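Pasting the structures here.
Here come two complexes built around chain A, the first alongside chain B, the second alongside chain C.
Moving on, here comes the complex of A and B:
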């Protein structure tokens, strides 16, 4: 593939990843959040495969397969089950409303370009155009966690943040060493499994998964 | 091999907790015995490090123990040993009274073993990526342990803990990726680029701007786990809701392990940028942390939360020390040891007190010295030690810290630190007084067993000895560690 085309495709994939993160900000159905996350993970699989093909790197294909199994299939399946069991359908009253959320997300994206400037200027990689977008995905994930009240939305926020980091790692370094990558996947998977158990318990104890209802512990 | 044996101890303890191998009582005993063995192995390893410099295992030193790791190993295994031994002594399962007590007991021991393993791995592995994986895994192992009691408060605490902990640590991974990126861009791709030894060797070649950015992410990320303000919000909840032995391990050792991760990166960043950047960041963080601790300590109504905020304070002091050159690093590491001894003792005793009085509220605990003379006296000793009073070891480490600050030419910073410490002093002392004296509430059983408190003899010994003088081998070990962090 011509380097210019490759570079443009990678940036396109990265923008789509960020965009699917933003989708969470204007939708309200939790099922849609989970589908959005699965879609975003699939875009990351495509980005990794693109880079793997260009660099002729078999190791990256393994990583892509892992993302596919864990983040496109397994985790969404677990989350859909949780969502059905706790019968929570909507993120009803986020702390920040939709228009303001989008404005903040825009500001976060601009900020990522500023923060990532030294990284982009150091990189001589064809993939460097996507680096600020990956960082923006990280910040948007963080914002989702802070601004949403449902425990499930917070998990989605965490996963979007995690996806942003995975994208950053593959764009900036063509993947961290495999042993680290494997450890990261294991941690994410276990982390989500632990979190889902707590969602069940929160629902059992508080009759809702609105974390705003948990406020015994302040200061 | 010694290193592998050390890591195998807690893993074996966790495996033995699987149903069908041992009875519940022997699971607890095996856990305590294996953590004791791990403590002995750490002492032997520290001796080897003193003799030979570095102990390593695996290709390209995959596992590697130098002076800094050795100090942390002593902290982690020492606290782990006392906490698991103490937790084992009583017939009391960690979640007494709840259904499926035996099941909970096994789960507790399996997770405690895994928790200990992940901390040991974090301080012995050379690869900063794997170190990240290990520290993230501590969050996963401990989340269930905090929620073991299944109360509303415990649930809220564990949710906050796992969410804030995972996010914080994810940001530390961004820092790790940036460091790796920096390396690959400047030096080229090698499979060992994330090895701390390799990173610090080529640090001069790294790009300064990206290095700076990476350190900010690392400080925020691992700082969250280390309980540094303003990322400390989960800490008082988690540390006060967890079962006592787990609180002891989290406050005494896990916080220090997270600070260790920051120190490893500091070495790399300093080699690239000089020390002024990281020192300034760490001092600022330390001051904010101390201020937050001082303000919130005074208004606590729960003695376990009081201890948790005191951990925030002491992490602030350690963070400060690591920014004050070699003497400061020695003071900080000594402080990590003494704080681990005092805080784990205080948390374990707080667990006893809570069991006796049935509440962790400061207002309801009165007449501790009458109801539980031994426990009360030791608890008082622990709090006085945490206040930095002589003859406890924290007095010595805090003095060394202050001196390091003045020698490093930072009188203003040290003045502020002293002022904040003075604020904390009466707050803790008043609370302690109210707990110790007066009449215990009607119907509180009296008396306690000094035998049950035996494991805490180790804590007392460490506190007293280190309050008088630093034994030669330990002093040399601390020097080794300081030479690594502040060459």
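Moving on, here comes the complex of A and C:
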């Protein structure tokens, strides 16, 4: 593949990853959040495969397969089960309303361009165009965590943040050692399983998964 | 001389093909919904029928009401001279770029809203207020998306953008280009009164926007307004298709390349019409209060398009 075409494709994949993160800000249904997360992870698989094909790196193919199994299939399945189980269909009244969320997300993207500018101008990687976009995905994930009320949406926010970090790692380093990747994946998987237990507990205690209600614990 | 004949050809194509495009969308939609639907040439018949009827005008109507159909029709027709439908360097390119195109279309919208208010019918006022709400939200998005497209090509001139894209085909894969396309597509749905924003098939007073404004019109003025709405849809679709996928647009003039360009245009329009139809069949109309959210999405897309065009070179 020609280097120019390769770098365009990588930038395109990164912006699609960011866009699917933004899609969460617009949708209202929790099932749609989970599907969006699965789609975003699939886009990351494509980005990793693209880099693997360019670098002829077998290890990256293994990483892509792991992402496919864990983030596209396993975690969404777990989350769908949780969502059905706690019978929560919609994100109710986020702290920040939709149009404002979108504007804030736009500002976060601009900010990440500003923050990443020195890195991008120093790097001579063909993938440098995607670095600010991956960073913006991290910020958007963080923003989802702080602006949504339901525990499930916050998990999705965490996973989107994690996706941003994974994309950043693969864009900036062309794959960290396999052992590190394995550690991260296990971490995420265990994190989701533990959080799933928490969601069940919150639901049991408060009859809702609105984490705002946890303030009641102070009294 | 020849280039000006080309402009005449573009005008003629817009006038003749636009009702057919709408007819095609209606037919496809009917088929997708399991109805037989009227044939694709039904809009031509409707226009002929309306042009033949008498006009009924309220005694309260001012000159705005009389002038609006002509103004809307004329401004849309002028746009057809500026959009590269079949050939890329047009002689009128010097007269106006993408910004002129967009604001000519908005001029029509503005007068339509005024005409809706003019006769003081409650529906007209309602439609006008809704239309203005949407136009006010759509306008910054269009401006940003244009600058996104323009920043990639280094010019806001439509002919220039198309020629640049033909010369550098890999530029179509750049995220700025694609996101600007998506933003413009959403704005197109809003501006042309297509489904998630306005239902073009309904006369239900609580949901309609475009229909509410033209409710007071009858006969030939109504025909002009309908025809202008068809042309606006046609022009938006051909603008989108030629900006994103300009292949087939004639760069040098010969009968063969022109014939090819017309065929390519029809082909691209059919593909886009199918896309719009499928989208409209799958989507329900958004609640009016969620329309700003949709346009917010489109605004963000345009913003991302422009940042990635400017900051990633």
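Operating definition for what follows: the second predicted complex is superposed on the first by the 215 of 219 C-alpha atoms of A that agree within 3 Å, B and C clash if a C-alpha of one lies under 4 Å from a C-alpha of the other, contacts with A are read in each partner's own complex, and residues count from 1 in each chain.
In this section, a residue touches a chain if its C-beta (ideal position, glycine included) is under 8 Å from a C-beta of that chain, and two chains touch if they have at least 3 such contacts.
The structure presented is a predicted model; accordingly, all values stated were derived computationally and were not measured.
With the C-alpha superposition on chain A as described, chain C and chain B fit side by side in the combined arrangement. Of the two partner chains, chain B is the only one that A:176 touches; chain C does not reach it. Once the two complexes are laid over each other on the shared chain, residue contacts for A:26 go to chain C alone; chain B is not touched.
Legend: residue contacts after superposition of the two complexes on their common chain; A:8 is shown touching chain C, with no touch to chain B. Vertex at chain A: the C-alpha centres of chain B and chain C lie 150° apart in angle, rounded to steps of 10.
When the two complexes are superposed, the chain touching more residues of chain A, out of chain B and chain C, is B. After overlaying the two complexes on the shared chain, residue contacts for A:206 are found with chain B alone; chain C is out of touch.
In the superposition on chain A, A:118 contacts chain B only, with no contact to chain C.
Aligning both complexes on chain A leaves chain B and chain C separated at their closest CA atoms by 19 Å.
Within the complex, the chain B residues that touch chain A are 127, 129-130, 132-133, 136-137, 139-140, 143-144, 147, 150, 152-153, 155-160, 162-163, 166-167, 170-171, 173-174, 176-178, 180-182, 184-186, 191, 193-194, 207, 209-210, 212-213, 236-237, 241, 296, 299-300. On chain C, the positions that touch chain A within their shared complex are 170, 173-175, 178-179, 292-293, 296-297, 299-301, 303-304, 307-308, 311-312.
Chain contact summary for the complex, chain A toward chain C: residues 4-5, 8-9, 11-12, 14-16, 18-19, 22, 26, 98-99, 102-103, 105-106, 109-110, 113, 117, 129, 132-133.
Residues 115, 118-119, 121-124, 135, 138, 142, 145, 151, 154, 158, 161-162, 165, 168-169, 172-173, 176-177, 179-180, 183-184, 186-187, 190-191, 194-195, 197-198, 201-202, 205-206, 211, 214-217, 219 of chain A are the ones that touch chain B when the two sit in their complex.
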